[in-house]
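Presented sequentially are two complexes of chain A, the first with chain B as partner and the second with chain C.
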Partner chain A sequence: MRRKEGEPVGGKDIIRNRALRIVVSAAVLLAAFYLLQRLFMPKYMSSVVEGAMIAEYYGEKKDHDVIFIGDCELYENISPLVLWEEYGINSYIRGSAQQLLWQSYYLAEETFTYETPKVLVFSVLAMKYDEPQKEAYNRMTLDGMRWSASKVASIKASMTKEERFVEYVFPLLRYHSRWSELTKEDFQYFWKRKKVTHNGYYMRVDSLPAKDVPKGRPLGDYEFGEQAWMYLEKLTDLCKKHGVKLVLVKAPSLYPYWYEEWDEQIKDYAKEHGLAYYNLLEAADEIGLDYQKDTYDGGLHLNLSGAEKLASYFGNILAKDCGLSSRRGEEALEQSWRKKRELYNGEALRQMDQQEKGSFTGK
Partner chain B sequence: MEKLSAKWINKRKVLLPENNQPGKEQKERKVEWKMKKNKIRRIVWSLYLLGVLVVAGCGGSSTEEVSEKDYESDDQKTKQDQENQSQAGYVFQIGEIEVAVDMDISLIEEKLGEPDSYFEQPSCAAQGTARIFTYSSFEIDTYPDGEKDLVGSIILKDDNVATAEGIDLSMTKEDILAVYGENGKEEGNSLEYEKDGMKLCFILEEDKIVSIEYRSKVF
Partner chain C sequence: MLFTSYGFLLFLAVVLILYYGLPRRFQWPLLLIASYVFYGASGIGNLCYILATTLATGLLACKMQDVSDAQSKWLKGKGKEASREERKAYKQRMKKKRWRLLLLCLAVDVGMLAVVKYTGFAVSNLNVLIKALGSGRQLTFFDIALPMGISFYVFQAVGYGIDVYRGKYRAEENLFRFALFVSFFPQLIQGPISRFDQLSPSLFAPHKFQTRTISLGLQRVLWGFFKKLVVADRLIGAVGMLTKDTQTYEGCWVVVGMFLYAVELYADFTGGIDITIGIAQAMGITVQENFIRPYFSKSVKEYWNRWHISMGSWFTDYIFYPVSVCKPMLDLSSFSRKHLGEQAGRRAPVYASCFLVWAATGIWHGAGWNFLVWGLSNCAVLLVSQELEPLYRNFHERFQVAGTFGWRLFGVARTCFILCCLRTFDCYRDVPLTFRMLGSVLTSWNWGELFSPGRILELGLSWADYGVVLLGILLMLGVSLWQRKGSVRGQIAQKPYWVRFALWLSLFFMVIVWGSYGIGYEASQFIYNQF
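== the complex of A and B ==
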């Protein structure tokens, strides 16, 4: 009840007013903190776009048949648009740069809280890492994740010795030093960011032939690490629990070198656990890959032409071996993919045009 | 004094109604005014604290900054220190040229001459490019460190080259132990020695040396 003019201020009013003022002050403080944090966090829009990939998933309609989960060997090597166009498979790549196995596991766990795909495809190159590697890569995977128990666990599993959990909770504490390096981009994408992928696929149309790709040097120990095995086991169990078919793949990237000894371990694991494993490197000829034309960085990653060839080949595996039926004809999906196709083709043309003009920077 | 008093009253009039009478109600107004002042003070303090919080950590960052731009970091400083004292650890010598891990490859690139083959491995998300220089009997791998490319590892591929202490690929574990001692770390098929932040690693197959590798401690 409002106090009438001239009526004395009561004790309750004073307490209420004080409480209100405290709340308002706290809200102002929090809002200022939030806005500064939003401003200082890297936007990953014009360069290092890999940092913006993980967050893009949340804007999707989560009704996918296949979720790809892993590092650049997935997000640069396979085109979900071709999977849709040729096989009617609705897929998404939850990829990020140097995604470590525990990060893949927690991303899968988080994904299953939104949707239950029929198939989860995992890139096994991540098995080579048994401990946290680099903060820059951690940030690109973890900062984009929405807060959840999975994110907390993923941060804890991923942090290098120099990192602190509180800096993930309040990224402003980590990024404050960017104040002197803020650019137009930081203001332009303050509220809303543009899409940098096509259902998680990072497109590159340029080409750099593979040449002098080094062979693997002898290793003292070819056994994958304990941590890596533990999380692969957890991923297998998680998929089993949710009734999702787990498919292991080694992408047809020529480098980093994929050792025969590593391949054997994955084969044995897949056999032991009744999982499908495809070493697509061995199937390069069958896929029709030409490493003089289908890679943009000398054999490390495929370009658009290579990614479309791989999708065309792998779609057949998903359809036949995993029993995925075509969803072409579902109006909502058709409509959604029509829009995606426009963006995809537009981006391909933009890059080709820039290449012709000699102004293509790769982004 | 009278003038000052009038000024004081005028100032208050802005806050008090025209018909305000001094007395009990004026006290209430004073309380309200005080509370308003407190509120402003709290907001100012909050913003000040926020500023302090933001600025306070400016010098305390110890890990590599994560953004589109490369940042000078303590890591880099450590690597730089390692580079400066690199000659103190295990060093590979090819003719007159000394190659040590963590040294700037540009210092010796020209002297080494044209490699038999060269490979670049740009890292994902623009975190720099690793380079591999392959010569007939050895290979040098570099890793990016800001603007520089530092030597990450040197791999001896055949017995035309040897370590500075005289071990080559034609020898055995016994020879290694005789030269480097028993304090090496054995892991899987490797035997590793560490000196001044540099690693020298021998890969063995049934006690025969199949590879010799100088490694940076960064990895």
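== the complex of A and C ==
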């Protein structure tokens, strides 16, 4: 029944109107908060692309034989495309800059909720860090993770003193200070971001010969920290629990320096736990690495040529030692990797083209 | 626990939920527990000080009340049969008893404040004196960390003790209720210095959940956050740089520092009080206003009636008036009248009382010569203005400018300038340095530096930051102008819902986006928390 003019609004109407107002107001508030948060969060598209890597995994079909977990020693040094093309191994690198061991552990834990690979390759350089390092690196690994118990635990384990958990839940509270630094990129990639890696591999085609690589300065204590050991132990147990073969590797990067004493500890651990450990630094000649050509930053990371050589070498290990058989011929995978090859070639050509023009900035 | 920390926001949310969720008779006990948790978070050891103040003042005030009650009873009973002289003698005896109890109360409260706040200052000055006298010995002392808010709650307790002594109101018999009056957490950090008779009715009354009250309170909290986080904390670094690097920032930079500090102090202190009053309002509790648009004052005297009102009135009621009529002052008055004439005789006790009050005000702000000189400078300005009153009158009789907009504006600008100059004692915290820096405004004529590219950005603020500060100043100015027509939140509440919503939502996001909090910003305590 329609209300006559001048007739007071009934109690039910008032309650309904108020409820509607509250709901709409809350929705507007949340929407505004969400949109601002999306705008202010760094997009990591044209600079510090390492921050965009972790999130890319979720867009993949999760059917990998091998998952690489670790820092730049993995995501810049090995090409999954070569592993596919030469050995039929379907792999993905869940890498991020200065990925700490507990972050690797929780990434592995999260990965196992999506898929169970046959092999998990872990970069042991992370053993050198025993406590949270820098907030910026934490963010690059943690912001890209989807919310899960693993993410919560990883945040708690990674936070530096000045960080607050609530700022991970609502990143706007962390990134609000970017209001005066917003660029075109923040608007351009507001909804959708482009891919910056090739199955987690970050490609660089340029070259900078390794010269005068500094020797590691003597340390007071070569023993890895308790926290690092604890998480390596947890990672070993996790892999055992899921029936995943854990392979430890030290990438053939000349720097940061890998001490003999560190190597011994890892060897002992691997032996004790029946794990495979490959110090690829020692196999540089066998791999065929030429540090005058195969690195783009003087020996810290490999370039495309180096990463392909390493993949070619390591693929053999995975196939022979880990018993991975080739999946070439699986139509869906073939098709997917064909597309990836196109993008891979395209990116390599783009970088080479820019290099020739002298406008290559490394991104 | 900083008001602007996540921890405090969570604490407040829990307290508010429990406050309205529990049966109403538990509301004030809940506030007492919350207040002690809040205070304990600043250091468990600090609880000893507030407990000592509460117990000493609460118990002694009850004792004073007992004496008063006994006196009333006697006067109504046996006293009726007594002679006038006997009644007078009895009253005198009882007054003396109450006086002794009050002295004991003051000795505990003020003594404790003096020990924790002024021992270091006193001993370091004594050491200077001892050295000047040629002795090689030096006194040593423990540097005691100043417990949070002690100057505020001690003054509040002392005011209560004096009021009970004067019979202004009855002492609170329930020690827990009195404990809440002393420790009520929103006003613990930086006041206002409340009076028991004003605060207690709403503090202990049961409060119904009312959306309007809560939203009005939270709106004021939001406005306080805007002032504190967007304006005050944004300026901390720049003001710090200007006042610490005195070699680089002389001349015109002293003036820039004076201006920026005036903005920072206003936004910080009034912002903090907005948060205090807003939280209390959200719980249905009325806390007195501490500011009435102080920067609109046309004289220093008016300014002190509009800035930190609770402190000014505390000093007037509990120091100025008692000191003005105490025996030594009356003696001074008679002596002056006799030897210096009627005019001087009238002024001498007022001036002496003023001097004492401002010396106390200065030293209350901090244990340092700079604060003492700051207080006495205020006193000097006030007394000189008073002395020049006939001159002003003559001027206004000859030139009919009083009341014109231009003249009022001139008055406001002049007052602001004088106060900015006086505040430099607070900025530089060193008396000779302050004079040197003020002098450099005239001797180092470097105004051109203000316009040289990059110099202004060396203060750690980008152009965007200056823009936000300017916007903040304009908003604060606009709100102050709007306030002259009545409560701004009240006026906004009259607007259609979606207009209101848009306004508060905008303010909320201004705080979220422009606020100086989180990584990269140093979390800063309120300036008045140091006093």
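Remarks
Quick note on the criterion: the second predicted complex is superposed on the first by the 351 of 363 C-alpha atoms of A that agree within 3 Å, B and C clash if a C-alpha of one lies under 4 Å from a C-alpha of the other, contacts with A are read in each partner's own complex, and residues count from 1 in each chain.
Here is the rule we go by: a residue touches a chain if its C-beta (ideal position, glycine included) is under 8 Å from a C-beta of that chain, and two chains touch if they have at least 3 such contacts.
Bear in mind the structure is a predicted one, so any value in this text is a computation, not a measurement.
Contacts of A:166 after superposition: chain C is touched, whereas chain B is not reached. With both complexes placed on chain A, chain A has more residues touched by B than by the other of chain B and chain C. Residue contacts after overlaying the shared chain place A:140 against chain B, while chain C stays out of touching range. Shared-chain residue A:100: touches no atom of chain B or chain C. Of the two partner chains placed by superposition, only chain B is touched by A:213; chain C is not.
Applying the stated contact rule after C-alpha superposition, one finds that A:203 touches neither chain B nor chain C.
In the superposed model, A:72 lies in contact with chain B only, and not with chain C. Using the contact criterion defined above for the overlaid structures, shared-chain residue A:47 touches chain B, although it does not reach chain C. Legend: residue contacts after superposition of the two complexes on their common chain; A:304 is shown touching neither chain B nor chain C.
Applying the stated touch rule to the two superposed structures, the overlap between the chain B and chain C interfaces on chain A comprises residues 21, 25, 28-29, 32-33, 36, 135, 162-163, 172-174, 176-177, 179. Residues 21, 25, 28-29, 32-33, 36, 40, 135, 162-164, 166-167, 172-174, 176-177, 179-180 of chain A touch chain C in their complex.
The residues of chain A lying in touch with chain B in their complex are 6, 8-9, 14, 17-18, 21-22, 24-26, 28-29, 32-33, 36, 42, 44, 46-48, 50-51, 71-72, 97-98, 134-137, 139-140, 160, 162-163, 172-179, 181, 211-214, 217-223, 255-256, 297-298, 300. In the complex of the two chains, the chain C residues touching chain A come out as 6, 462, 464-465, 497, 501, 505, 508-509, 512-515, 517-521. Remark: chain B residues 24-25, 28, 31-32, 35, 38-39, 42-43, 46-47, 49-50, 53-55, 57-58, 61-69, 71, 75, 117-127, 132, 134, 139, 155, 187-190, 192, 201, 203, 210-211, 213 touch chain A in the complex.
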